[in-house]
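We call the chains A, B, C, D and E, going by the order they appear; numbering starts again at 1 in every chain.
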């Protein structure tokens, strides 16, 4: 961990990043339409997972509210999509989510551990049911069509959201607030006595993480053409980010990204290649990963690297 | 009665104990002293069966116990009173004590043992119905000792029983430990309260950095210059 | 000058009065000991001062201003730092990070990150842990974890430091080192209120001792006065011969 | 122009093979499309003039996990990446709503199976490639049901409807059609899809002494309502259940207790020889639970129609086939069958309302269309639930 | 009016009995074995489909209890010994274990459900048993629900006394509070935790069986029940078996009251109640 290795690796890493950026920035120009659609979906998973990790990673508060924030974005987009231009719709989606998260965050400050998880999960189902009731009994409709826009636009918007999410996550994790969040995860009481305004910090970061989920929902709605409370507030979107993050490994910042990409791709492959056995294979893979790769995929990577190092040392 | 010979213990790749050997005879009180992190708790956990030695042997009453599962070790007559006592917080004092009698050997006679324990610690009888979480520090420590005795042990392993106790309770505590021997029990004790423990112990071992560095009659150790300097702060 | 004072401080847990109507004060530059049997309410009093708990009645003032009613982080920034009876370190954060949190968030004025880092390193050196700065805090021995708590508290640049059982579980030699650390902290101009059961330590460095029993203050005075007090001997000290080590 | 060589017709589908929708997809469209494809392929395939040969059908099925977002993506994958020749429908009304605009955008014919709702009718104009085979409430079952009730002199009805497109729509139409015929609606309760206990609502319905109870919900709730009506001894003179009553599993569960329960129906073996042949084909060697007397014949007729449209068009070109589907009438298992404005013409229907009688799901009501075949008279009042219901063995 | 209120209350209790039963199982698995078992509903499904399957061979559902219970117990026990014991011993902290065990149970959900799907298909299934009214003080109630209620109460009581009175029960409670220290008392921790998991699975199996008497069942029914279960368990206080028992009845009551007032909001009412309770008393009704 001395300075020389850091220095020598950094340009390489930045170069790789730049290359990836170029690769994805021009995907709609050279890739097939479907590859654009698929990558959009994978981006969506990354956004949801990374935004989840921003708050839940360091603090250890397992939020299951992702589906609520995502769904709020979707509904905002469905309602406003017909009257406002896209950027405004997306900002609105993000903002509505942000406000919801502020509210929920402020409400749930006392809750820790599983209680917080359950509250956030209840939130998803509650919104779903209330919306359903409202539509059925007040507006006498159910669901609504969403203005459809072209795939490349959706892709670029999602790409931008993704970039914003990752950059935000990166900078938060590097900032003093990242350290403070981590300390909250370790011992909230001690954090407070160390001068951290635990309440405000938690609430704001929670809301910031919701911002991205909301934005992702707002743009994703346009791909789904039709939405109703069950489609928009699907509990699956609460569990997926958690699973993807753990799958990738929470120890490292990039773990959640790797987890989301591989997890999403794996699912895609299974539901198309082995549709009748998708659940079985997927379940087995999950259990095996959890049993044999306790640190997630990143844990495996690190083990490899350590193993490599150990070997090198042994040889010299 | 207890014979530890040449054990090595590891945490992952880090070695915590290096070739530790010691012995405790019937109805003896033996103390183990050493700096923080010397490996005392590690040794006690190994004897008690929570950790397994990588090599070496632990014999109890002539039988090999190293590597046995915890329940078997408890059945064989060793009571381990862990660091901090660790009573079950949401069980009453009485239920905690009953848990101590979990080994079959003790379960059938638990009412009788309970009477004895209450005799030793009348305070526990007063608090019989109270939840353990609401006890004071001293009471918790008494409860832990009582719970250990409930298993009708031959050998008691104490890990820093005096931790965080007020001086007045300390007195009581050492008095009780001493009285255990009179009831035919053998005691192996870790203590930071070096002077007290050496005063009640017959023999003592000193552990430094995972190794036993000296041993002897406790009266003699009390006079030892190195011990005086390093552990008695004189 | 009275840096800390409490009047009629009372705290109930359900029906139990953990602290009842306690009045106390600490003067600038003092080392004050807080003793009493297990369960007397010492830690509870610390929790009230540092705002971990909200008091039922009474008032606590720091430098003449009311601090009861503030939030823990506000009390910390006002200049009251503390350590915990059962260590509360951030186990997976490196030692330096633990202390850095104190200097980044806990100081009254706030400081630049460079200053904060300098402050943190200085605190670590002060307690003698600077060589371990990259180790995750959970890998330290208990004694060192306790020192780390002190360093973290010092990094918040406090005027008053509350120390809860720094010495428990240390052997006499380690105890002596810890005591020396406490005196050095006082020499930096920081006032100290400490809970301790080890009489030798308390008697040797405290200017004044407050004794709690069943949530009430039963005695207060110099170490000599306290050891001479019959009530204190009865409820707390027991046989003098054992008070020594 | 000569078309490139082709040796099969690839049909793509995104179906809920797992997740909460699986239980619907499994018993509704799946048995039909599997049998249909097997039969067509046994005959060598569909003759396409353009290639001058019979082309067998190859199915490409993906699992959308009952998630609409995934379904839309897989639909585009089938169209764009797999370039399937035809797209077959996803499962459920909400999925049709989501899928139809996509299919239309890429000019793929979408002939639906399970689901459909009146609220899509205003959009049919802009979705020329969408063809809906299952009946809607407003001009199919409910008017017929209302006629049946009125004829027998029923005066009041109580409605329990599910909080979704289906329930809203059927309850809405009922509150127009029933009063028109002098039948008073004495109560309407809308319930969420996962409801676990209907007994309090049923007791309330019981108190109103309504002649007819209508449970406009999906199988779970319909079965629950049946069960709990029996259990509290509530015996309305007429009992109409939404999708659920028409399935064999309904009879498998309740046995003789089903006597007199009404539901939506299209046909049974008595309707016509062609129907008999179809049902023998579909249900041969299958447990009774697999039967469906409403949707199956419609889905089948739809795809028979589709096959003939391809043969008539002589090409796999979607637009040309669509034009044929819009214009032509073909003979299917229903009889002469056609689509009007994207919906299967009501004239093609062989029935609307069915009723369990002696273990058969009889067609007791239909419109006055040429194809209609009522197989038994409507029994009113329905017999009381057997008390106590005999355990099957 | 009185009759109406009685109706609502009893309907709530009947539903509550089922909820109580499924919740006690999860309470044991989470409270003691520390597995927030997302696949709990799958064991319910196994019990339900098992009973349906056996009914096809003419086996009386109450007889099936004696088959489904032990079978789900064995599956649960073995799963714990193979999957969760390994996870527990390799996890760095209890928090890490809770996370990974939840994830593993998610995987199990997929596996169990898809095996059932392959074996039985996803179609709706059911049968009728004791589907007739019984007159209770002038009001009519379903015989099968009364039986389910009686069983729930019976099992709940048996279970409670098992935990409070027996040696093994005490060991289970001790293990719930501090497994390491319970080990020092001579409790075979792996065995006890596996036992708890197995017992939890068995309760789920029983509950599933009773559910199959009252409701249509199918292979994908599990998750819905898992969610209800979790709500009940949190409502009653995590890890508190009596809490889960009472929580089940409370949720049943709320459900039937709201269903009476505004059925469209019955599920929403569950969630509102649940969330309010979390805010006001986060440790549940009987939690500490």
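Here, contacts are C-beta pairs under 8 Å (C-beta built on N, C-alpha and C of every residue); 3 or more make two chains touch, one makes a residue touch a chain.
Since we're looking at a predicted model, the values are computed, not measured.
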In contact with chain A and with chain D at once: which chains are those? Just list them.
-> E
Reference chain A; chain at largest CA-centroid distance = B
Is the C-beta contact count larger for A-C or for B-E?
-> A-C
Report the inter-chain centroid distance for chain A and chain E in whole angstrom, where each centroid is the mean of the CA atoms.
-> 31
Approximately how many whole Å separate the CA-defined centres of chain D and chain E?
-> 36
Per the centroid of Cα atoms for each chain, what is the distance between chain B and chain D, given in Å?
-> 75
Two or more partner chains touched - positions in chain B | none
Where in chain E do residues touch two or more other chains at once?
-> 113-114, 117, 264, 267-268
Which residues does chain A have that touch at least 2 chains other than itself?
-> 129, 132-133, 136-137, 276, 278-279
Could you list each pair of chains that touch one another?
-> A-C, A-D, A-E, B-C, B-E, D-E
Enumerate the contact residues on chain E facing chain A in the complex.
-> 36, 83, 86-87, 90-91, 95-96, 98-100, 103-104, 106-115, 117-118, 227, 230-231, 234, 238, 264-265, 267-268, 271-272, 274-275, 278-279, 282-283
Chain C contacts chain A in the complex at 50, 52, 71-73, 75-77, 81-82, 84, 88-93, 97-98, 100-102, 104-107, 113, 116, 152, 156
Enumerate the contact residues on chain A facing chain D in the complex.
-> 32-34, 37-38, 41, 129, 132-133, 136-137, 140-143, 145, 148, 220, 223-228, 230-231, 234, 236, 271-272, 275-276, 278-279
State the interface residues of chain A toward chain C in the complex, per the touch definition above.
-> 176, 179-180, 182-183, 186-187, 189-199
Chain B contacts chain C in the complex at 33-37, 135-139, 160, 163-171, 192-196, 229-234
